[in-house]
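There are two complexes below, and they share chain A, which is joined by chain B in the first and by chain C in the second.
Let's turn to the complex of A and B:
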C-alpha cells in the first residue's frame, strides 16, 4: 500500500470517530426526547390508561375507544370550536395588522427600527407577565385602562372578563402580542422585492394601493404561506393564554384542546377522574392537524416563493 | 427573476413625502403609544399601594414611591426563588445545548455520512411536533426512573432546544470555507481539535444569536414547567407568577403583584433593549425558510 493512501485511510478513520462522537448526543436526543415519546403517545392513545404513570402492564387495549370518548365529549368539542375561532378570527386580525404594519414600516418612514423593535417587544417578554398585565390592568373592572377610557367619555364600565366577553378579551390580548412576529416575517419578505419594480410602477402611474395589490401581495405569496403555517401551528398548540384567563379551573368560554388534554391527564379542580389514554388521543389528533397543515401548505399552495 | 441590486437613496427631509406617510406614522404610533402606556402604568403601579391602584391615582405617588413592594415580592412571595431557578435553567441549558448542537451541526453540514439526511429531517420534524405529543411518556418515564427536581427541568430544556439550535447552526457551518480544515490538517491538527479551536470560534456570532433565543425561550417557558415543576423550590418565573396571581385573592397585595410582574419581565426586556437589532435579525435570518 502506498504511504499516502494509508495516510488517507488513517485520516478517514479519525474523521469517522469524530463524526460518531459529535453526532451521538444529538441523535440520542432525537431518539429519547422525540421518537420514543411520540411512538409511545400514539400507542397510549389506543389503550385505556387511567394514570399517566401507570405501569405498561396495567394498560388494556381499547381500540378507538379513547377517540370515541373525546369526540363524544362536549368539552372537547367546545375546545375545538374555540380553537377554530382563534385560528380564523385571530388569524385574520393578526395577519392583516402584521401586513399593514410591515407595509407602513417599509414605506420609507423615519424611526423604522424603533417602531419595528417596539412592535416586536411583546414577543420577548414573558407571556405570563404579559397576560397578567392585560388581566390585572387593561381589563380590570375598577381601575383598568379600558374602563377608565370608557368613563372618560361618560360610558359605563364593562365587565370584560365576564363569561360573554372573556373569549374576545383573551383573543385581543393574544393578538396584540402576536402581531410583531408575523410583521417581522412580512417585512423580510417585502424587503426582498426589488425596489425597481415599484419605481417602474410609479413611472407608469400606479398609486400605492395598486402597487400593493399588484406587486407586493402577489410576490409575498410564499411569505404568506409561511406565516399561515406558523399561525396555524401556533393556534393548535394554544395553551398559555387560555390557562392565564381561566387559571383555577377551565371554563367553556376559553378552553382549548391543550387545556382539555392537561385537565384530562393531570386532573382539574373538582374533577379527580384522570384518563391518560384520552389525553394521548387528544395529542395525536392535534399532531394530525399539524401534519395536515404542513401537507396543505406544501402541496396546494405551490411553492413559487420569492427568489431573486 | 433576475438578481438586481437594491438602489438606496439618501435624501433630505421631503415634507410632501412625509405628509403622504402621515397615516402610516399615526397607525404605528398609536400602537406603540399603547404599549408604552401599558408598560409605564405597570411600572408606576408596582411602586404604589393597593389603595392607590384601586382609586386610579397611580401616577400621583401621593404616599411616595413604595419600593418595599419589590422587597415583599422578592422575599415573601418567593420571587427570589423563581428568579434564581429561571436563571439557573436558562444559563445551564444554554451552555449544554451548544455543547450538544454545535458539534452535531458541524458534522452534519460538513461531512456526508450514513444517516445524516435522516437526522437533519428528524431535527426539522422534531421542531414541528407539538409538545403535547411527547410530555405524557416523558412524565411517566421520568417518574419511573426517579428523575425529578431542578435537574429534570434542565434536562428537558436542553433537549427541547437541541433541534432548533442544531438546525440554526447548520447553515452557518455550511458557509465556512473548506480551506480552514485543510490547512489545519496539513499542520497535523486532529479533526476534533480543528473543530473546537478553529471552526467553533468562526461561528461565534451565530452561537451568540441562537443562545439569546434559547435564553429567551427557556426564561419564558411555561408549559413544561407547569407539568414538571412539582414543588415550589423548583418553580421558574412563569409558573411562579401564575401562583402569585392565583393567591392574590387571599393576599390582596396588588402593588406586590405588579412588582413581581416587573421582576419577571425585566431581564428579557433589558436584554432586548441592548440586543434588539440582533434579535430581530435572528428571527428572520435563521429558523425561517422561505
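Let's turn to the complex of A and C:
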C-alpha cells in the first residue's frame, strides 16, 4: 500500500469516527424518543394494561382483545364516523375555500397582504378562545350572531347546538379557523409557478378559468398532496374542538377517536376506570389510517411527472 | 486531536446519560431513591428516623393543643392540581408558608393544574420524589391507591373523624380498603335555587317530595318566573338524579351496563315524569342550552329560579354574570314509591400521601393544617367552596350544603351509576339530552331509544 493512500485511509477512519460521533446523539434521540414509544404502543395494544407507564412485568397478553373491545364499542365507532365526516366534508370545504382564496389573493387584487393576514388570523388565536367565541357569541340562541341575523330578517332563531346540529356547528367553526393555514400553503405553491406560463396562455387566448384548470391545478399537484396529508393528520388528531363543544363530559354527537382514547386511558367524569391497552389499540388504528391515506394520496397524486 | 477527543467524550457522556435516563422503571426507582437519600442531610435523616411513636404522641398533643411539631430540615414535595394564580392555589401557597413558619418544614409546591391526572401515575410508578399530591377522590381510591400511604392510624391519633365528612372518608375507605387520602374541597349535588324568587313566590319551605316540587314550579310559573335552568352538559346528571330517586343507583348501574331499560317500570315512570315536567313549561327558556348559557340566566335575567348541579354552580354563575344571587340549596326531592331519598351526589378532591414518602407524618400534618381550622375556612371563603371540616362554616352562597353532606350516608357517584358503562355513556348521554329536547313523546319511547344502543 502506497504511503499516501494509508494516510487517506487513516483520515477517512478519523472522519468516520467524527461522523458517527456527531450522528450518534441525534440517532439515539430519535430511536429513544420516537421509535421506542411507537414500538411500545404497538406492543401495548396487544396486552391488558391499566396504566400507560405500568411496568412491563404487570402486562398480561390479550391478543387482539383490545382491538375487539374498541371495535365492539359503539362510542368508538361513532367517533370514527364523526372523524370520517370531518375528514370528508370538512376536507372538501377547507381545501376548496383555501384554494379559492389562494387563487384570488394571487391574482393581483388590492390589499392582498391585509386579506392574507385576516384569513390567517384565526390560526394565531388560541383554539380555546376561538371555540368559546363560536359557542358563546355566534351560536348562542338568545343573543348569538346567527340568531340575531335570522331575527333581523324576520325568521325564528335556531338551536344551533342541539344534539342534531351540534356536530355541524362544530365543523363549521373548525373549518373557519383552518382555512387560512391551507390557503398559505396553496399561495406558496401558486407563487412558485412561473409567470411566463400565464403570459403565454393569455397570448394564446386562454381565459382565467382555463388558466386555473390547465395550468394552476396541474402544477399544484404536489401542494395538494401536502395539504391532503396535513389535513388528514389534522383530522385524525382532532381533539380540542370536540372537548370544547362537549364540556364536562364527552357527548356522542361530537366525540372523535382521540377524545375516546383520552377518556379510555385517563378515565372520565364519573368513571375512573383506565385501560391503556385499549388506548394503545386506538392509537395504532389511527396511525394505520394516516399511513393508508398517505399511500393513497401518493399513488394518485404523483407530483414528479411535471417539471417547471 | 485533543478537541476531538473531548468532543467524542462529551458525545458519549450525553448518550450514556440518555440511556441511563430511559432505563426500566424499577431501576429508576432505586436510582432516585438512592439519590434522594444521598441528598438528605445527616440532620434530617436523624430526625426522620426518630421513632414514630414519638411523632404520633407529639402529633396527638399537637392536635389537642393546636401546636405543630418541629419539622426543621424536612422537605415536602407537593404536586397540586391547581395553578398558582387560582384562588385555591393562592390559599394553598399561603398555608404552606404558614406551615413552614410554624414547623420549619420546607414545602415545594409544583403546580400541575388539572392535567395532573395524566402525569402523576407515571411519576408514582417511577418513584419520583413526591410526598403528597391532589386529584379527585375517585382517582385516589381506585387508580393510585397502591401508591398511597395508609393514613388510618395517623387520622385516629389526630381525631380526624370529628373534622371530616363521614360520607367522604367512608367512600375512600370502602373503595380503597383503607383511608388512602384526605378529602378537600367537598362537592355536593342537589337543587341550587335563588332564595329571592322563592320568597317572592311565597314558597316558604323547600320542596321535599316530587309533588311539592311540581307545585312549587307551578307557583313560580304563575308568578312569571321560569323554574329550572338546564344546560345539555348536565342533562344526564339531572335525569339520573331523578332516576336514582325512583330505582336507586345500583339498578341504574346495572341498566347502564346490561341494558333492559324498557323492561324497567321505574325508568319509564321517571322519563314520563320528566317529559311531563318539560311539557308543563317548567324548564327555562331555551333549555337545554349550551353550557353555561342556561345556568347563567339565573344571574343574568333574575327570572330563572333553580338548577340541579353540584355546589360549584353557585360561584360559576356569580362569577360569569357579575351578580350576587341569594343562593340556597336543598336535596333533590323524594319520588313517591321510590327508594331512599336522603343521599346526594357527593365527592371531593383529595390529598394523597405517597407510600414511599420519607416524611408521611409531616405530610399528614400539613394535609390537616390545610383541611381543618383556619386555612380550611380561608379556602372555603376565598374559593367559594364547602369547607372540608364540618365545624367550619360554608360561605353564604353555599347555605345548606354542609347539612346535606352530613345527611348523606351513601353518596351518589357522578350520574348515579350511568357512567359505569364507559363504552356507551356518551351515547346514553345524547339520548338523555334528546329527552329534554322533546324528542320522545312517552317514557316508553325514551326507554326504547336507550335500549337501541345495546
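Please note the rule applied: the second predicted complex is superposed on the first by the 264 of 308 C-alpha atoms of A that agree within 3 Å, B and C clash if a C-alpha of one lies under 4 Å from a C-alpha of the other, contacts with A are read in each partner's own complex, and residues count from 1 in each chain.
Here is the rule we go by: a residue touches a chain if its C-beta (ideal position, glycine included) is under 8 Å from a C-beta of that chain, and two chains touch if they have at least 3 such contacts.
Keep in mind it's a predicted model, so treat the numbers as computed, not measured.
Once the two complexes are laid over each other on the shared chain, residue contacts for A:81 go to neither chain B nor chain C. Judged by the touch definition given at the top, the superposed model places A:52 against both chain B and chain C.
Using the contact criterion defined above for the overlaid structures, shared-chain residue A:185 touches chain B, although it does not reach chain C. Contact with chain C, but none with chain B, is seen for A:255 once the two complexes are overlaid on the shared chain. Of the two partner chains, chain C is the only one that A:264 touches; chain B does not reach it. Touched residues of chain A were counted for both chain B and chain C, and B has more of them.
Residue contacts after overlaying the shared chain place A:25 against chain B and chain C alike. Look at A:148: by the touch rule set out above, it reaches chain B but stays clear of chain C. Of the two partner chains, neither chain B nor chain C is touched by A:202. Of the two partner chains placed by the overlay, neither chain B nor chain C lies in contact with A:60. On chain A, the surface touched by chain B in one complex and the surface touched by chain C in the other have residues 14, 17-18, 21-22, 25, 29, 32, 36, 52-54, 135-136, 142, 247-248, 266 in common. Listed in rising order, the residues of chain C touching chain A in the complex are 4, 7-8, 11-12, 14-15, 18-19, 22, 24-26, 117-118, 121-122, 125-126, 136, 138-139, 141-143, 232-234, 236, 285-286, 289-291, 293, 413-415, 418-420, 422-427, 429-430, 433-434, 437, 453. Chain A makes touch with chain B in their complex at residues 11, 14-15, 17-19, 21-23, 25-27, 29-30, 32-38, 40-41, 44, 52-54, 100-101, 104-105, 107-110, 113, 115-122, 124-130, 132-133, 135-138, 142-143, 145, 148, 181, 184-185, 187-188, 194-196, 222-223, 225-226, 233, 236-237, 239-240, 243-244, 247-248, 258, 261-262, 265-266, 276, 279-280, 282-284, 286-287, 290, 294, 305, 307-308.
The touching residues of chain A, when paired with chain C in their complex, are 14, 17-18, 21-22, 24-25, 28-29, 32, 36, 50-56, 69, 72-76, 78, 135-136, 139-142, 159, 161-163, 246-253, 255, 263-264, 266-274. Interface residues of chain B facing chain A in the complex, by the touch rule stated above, are 1-4, 6-7, 17-18, 21, 24-25, 27-29, 31-32, 35-38, 41-42, 45, 53-56, 58, 99-101, 103-104, 106-108, 111, 113, 115-116, 119, 122-123, 125-126, 128-140, 143-144, 159-160, 162-163, 166, 185, 190-192, 195, 216, 219-220, 222-223, 226-227, 237-239, 241-242, 245-246, 254, 257-258, 261, 264-265, 268-269, 271-272, 276-277, 279-280, 283-284, 288-290.
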